[in-house]
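Each chain carries a letter (A, B, C and D) given by its place in the written order, and its residues are counted from 1.
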């Protein structure tokens, strides 16, 4: 079958590999119908996340179940499904505590041996381990386009909102309006804030932020952010600030602009080194910080929200291309050209 | 000054009483500009809540500060304010724990000596004890009509929603679409449920429920409620059920229609006697129940929500009358005629 | 093999049945070394919980793993293990939410077809479905006697304490000092209350309550409970009251003796009919009630507590008998004679 | 009257100042009977916290009420009281939210104009603003020695434990066994952990840690901390780590030694500059961090705990001296000589 393969840093190709099959009775085989490109894929391509040559990339996908092991109960052949980006067993000590992101037999699709060695979704077929945990059936009345993000960045954005402990009436500032930031905006709305402020450097992303639910947008190239937030909040600071970039600069913005007693939620992916922050400023204002890898336990809850028309991520689907156009697809996504937000590939 | 006085069971009058003045340095004197009639006032009139003859009725009001004691800091002469229906000191052991509803020096305006003996708001002027705790300034850009319910039933509805611990994506069933039920619907929306179902016996109230945010309405005279909820939830039961009536029948509906692991919130005012419920049914399904008198600590938060156009209770204001028309006003409100929801009186 | 079989209401026998074997790759076969009698077994014997003739009874046990299916990962042949009283799959929608008590493929050992139809533990061998979820390995330095209650009533008592949301410094009143009540006392201590008050009718149980951590004991035959609690709490009421009996009378005691803003936790097993309670009294005091079947997710946490000598339930093990003496064992346990608390049977 | 006055960096004196009197009707005048020296006082003496010349130092004290304003309700002349180290009004927007540490009319006793300008407790008399909020009566059966720490470091240690969200059965590592670290150990016990590990550089402090409830002590000069914690936790990491030192090194220990999904609580006082931490390590393990100034709302709760003999801080009272010996007292406390933990001064 055709699959997107990592060659070396900076280079990938569409190659031919053998079609996978079931390996345990808990596996399912899924025919991929649509798969997306994620920021993590770019980190792999750039060498920030090291993977082995010929690793099949990708971890965001929807498809149709082709075959199931005898222990698979929740899905059956022919079901349309969305895949969780992470693999989890549901039974190890971490899974039992609800920490499925830290599953002892799990990992992430398409991210190399250090992260479990599970081949990725940018291919015609994929073997899905622990299928009852990893696959979520798609309700009949929803399209693939509506739900493809449920398996990764929508769940991630939802976690970011949850970690902020947003209460009705709060003022929430979200730094970063990339795909994860936009999903955070869309889900933050569900918690009833008075005002969602989106901050980014790119105007087209801020436009998308508006469509997804931001009440106010700020281009940080053109405005003194801290002064502006002070103005909006009558000098108090925001109730919740969310970091969806992954840089020391925005993290310190989050610290400086949150009110005393407020919450900071971090969802941006930080580089490996040390980050300089001001503990003193946080201490004297009683701040709570939460962060982490997404626990893929809310797929059903999010699907229900989409079904009842309270959540619509379709504005993110700016580019639809075939698997054969994968190199162009990565180039567009990586260069943020053509006002790209998400690129979906169909095998 | 003119004031609405309780005469005897079934009878009230507009009488002349002496204008109040400050009694302590923490008091404020407020000129009442608008005051509403509440279900509790009917309970008083009907004798269910006993009060003394010539008690001034009423506990929902907005007005203008006329005079302040030297210890009053948060409001000043000329400020437009909304009154909390309850009086609280902020410093007793209960207030310090956040249980201001159980303040040791507090009570409710216009509800007689057993409830603190504070004269009511259906009058031209009112003395407000602990003014810094009881009064909330109205932002310049909001009208009195937008905020008059903040001081009682909107805060009560918000507590009912909070007590339900509603999560984004939940299915919520609210029994009762009277004024408190409608405020519960409007605030439940802030917590991001997938579906709000409103249940009542009167079609005009169900229509109002729709305007305030119910996604689905059910007239329980015409439909088998339990069957219908089973159908809507694919047999699982609702995530949250809220009792806003105050009867054993609706409470048992709440118990029967909530899912295992779900929450019941009770805000309806129950009569004094015993109520028969099925403990067994609750036990085997791990249910949490919460209830209580409203803690008036969210007025600012709700005001902010109204200001940012996320909450609009104006559809409830069906009747505006003068204080002189008080007898007609109580008759209309009590008989649920003329599609009444709330009656506002201006002195 | 030998097994305790239900004959008809009021009668059981030690019979011979065929030894079970693995049925799926997730099963384990366990040789039972010790198994206890629980109040639920008496309810079955008395006909309150209907089961089929020849049902093998029992759901509290420790043993040694004899055989495992190929999918069993957490335990291996020869391991000493404690069994969870409930069976849970870990992967259905309820399990994923942490509601393992409501598992769609689960039930309770030895409680008949309505509760899953899993044969009980009062036998020489038992087949354990979903072994990775149901079995917990026993640390080397702990004896079977120390951990046998972890699989049922210790977890249940812990849930009762958790549901009370006990905070350090609280005054907690626990009604009922039967085995579940005693486990509640022992675990309530872990949450740091100032004072645990145990209430019961039997002096020998109150003596045991003292050994397990009650700071004060009250025999409700000899004392006016409500007056006494008022006295202890300077008129305020208890912060937390826990019902571990299952009667309307003690439930209403819980309601009357809890303070405003306090919590009620219900763990007693109630009969099927209706129970009369005073909603009014609860409403005016802002009370939270929680209850439910035990979620068996804390076995590891409790085992760790025992290992570090913070929890010791051995005082409950008053009677040790052989499986052959089962009729005497049930008689003693059922009649509360010989100062019995728990009876352990060894096959 | 006599009072301890700040002269210049490195120098203080016992001087004569005029005796204070009531300034508002909410004030009380307290005759100080015992007052302690705190680490913060050393920071002032060393110039880290700048104060004005002749500032009266100190913020930990017990005493007797000599005079009260007409608005003071909770205490009366002759009452023995403990003082909250912070001043709070109870009525500003922050106080209403429970954030009394950020009171708009508040501050800290004896810490100079930037922190409210309230004269300190190391004197014969002190004026106490908002006396109903700041003073807590001492129960008759408790000595001053038992409760003097309730007003500052015991409340601080309790907050540190609360911020760690310790659950029964957890393994908790507390870095730092100075007075605040020791109070954290004593209060952490109230939450029922399996194991409390105390880490410090000084053996005599580790000995005190043992007396106050640490199950295990580690001298970080002699042991590789991270290896040791790995060993104790079977490689998983601690459930909760608490920073009670205020240095980048111990904060990074907290990050490295907490398990995935665990909590970090920070109570150590950090210097003003930037601190380098590893975000990456926290992100991939889903960690929560909480920190802050103490909210003085638990004095009653802690007093009750002491009364019921569940908390005893008397082992910290190593030195009792007269106010006249204040220079020696600061020298001993500052140099950590004579195995000093706390020094109490009596005027």
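Following the convention adopted for this analysis, contacts are C-beta pairs under 8 Å (C-beta built on N, C-alpha and C of every residue); 3 or more make two chains touch, one makes a residue touch a chain.
What you see is a predicted model, and the numbers here were worked out from it, not measured in a lab.
For the interfaces B-D and C-D, the C-beta contact count is higher for C-D. In terms of their C-alpha centroids, the spacing between chain C and chain D amounts to 41 Å. The distance from the centre of chain B to the centre of chain D, each centre being the mean of the chain's C-alpha atoms, comes to 42 Å. In chain C, 97 are the positions where the chain touches two or more neighbouring chains simultaneously.
Interchain contacts join each chain to each other chain, per the touch definition above.
Per the touch definition, chain A reaches chain D in the complex via residues 94, 97, 99, 101-102, 251, 260-261, 266, 269-280, 282-293, 295. By the touch rule above, chain B contacts chain A in their complex via residues 158, 167-169, 187, 189-192, 194-195, 215, 298, 301-302, 304-305, 307-308, 310. Every residue of chain A that touches chain C in the complex is listed here, in rising order: 24-26, 71, 73-74, 90-93, 95-98, 105, 132-133, 297, 300.
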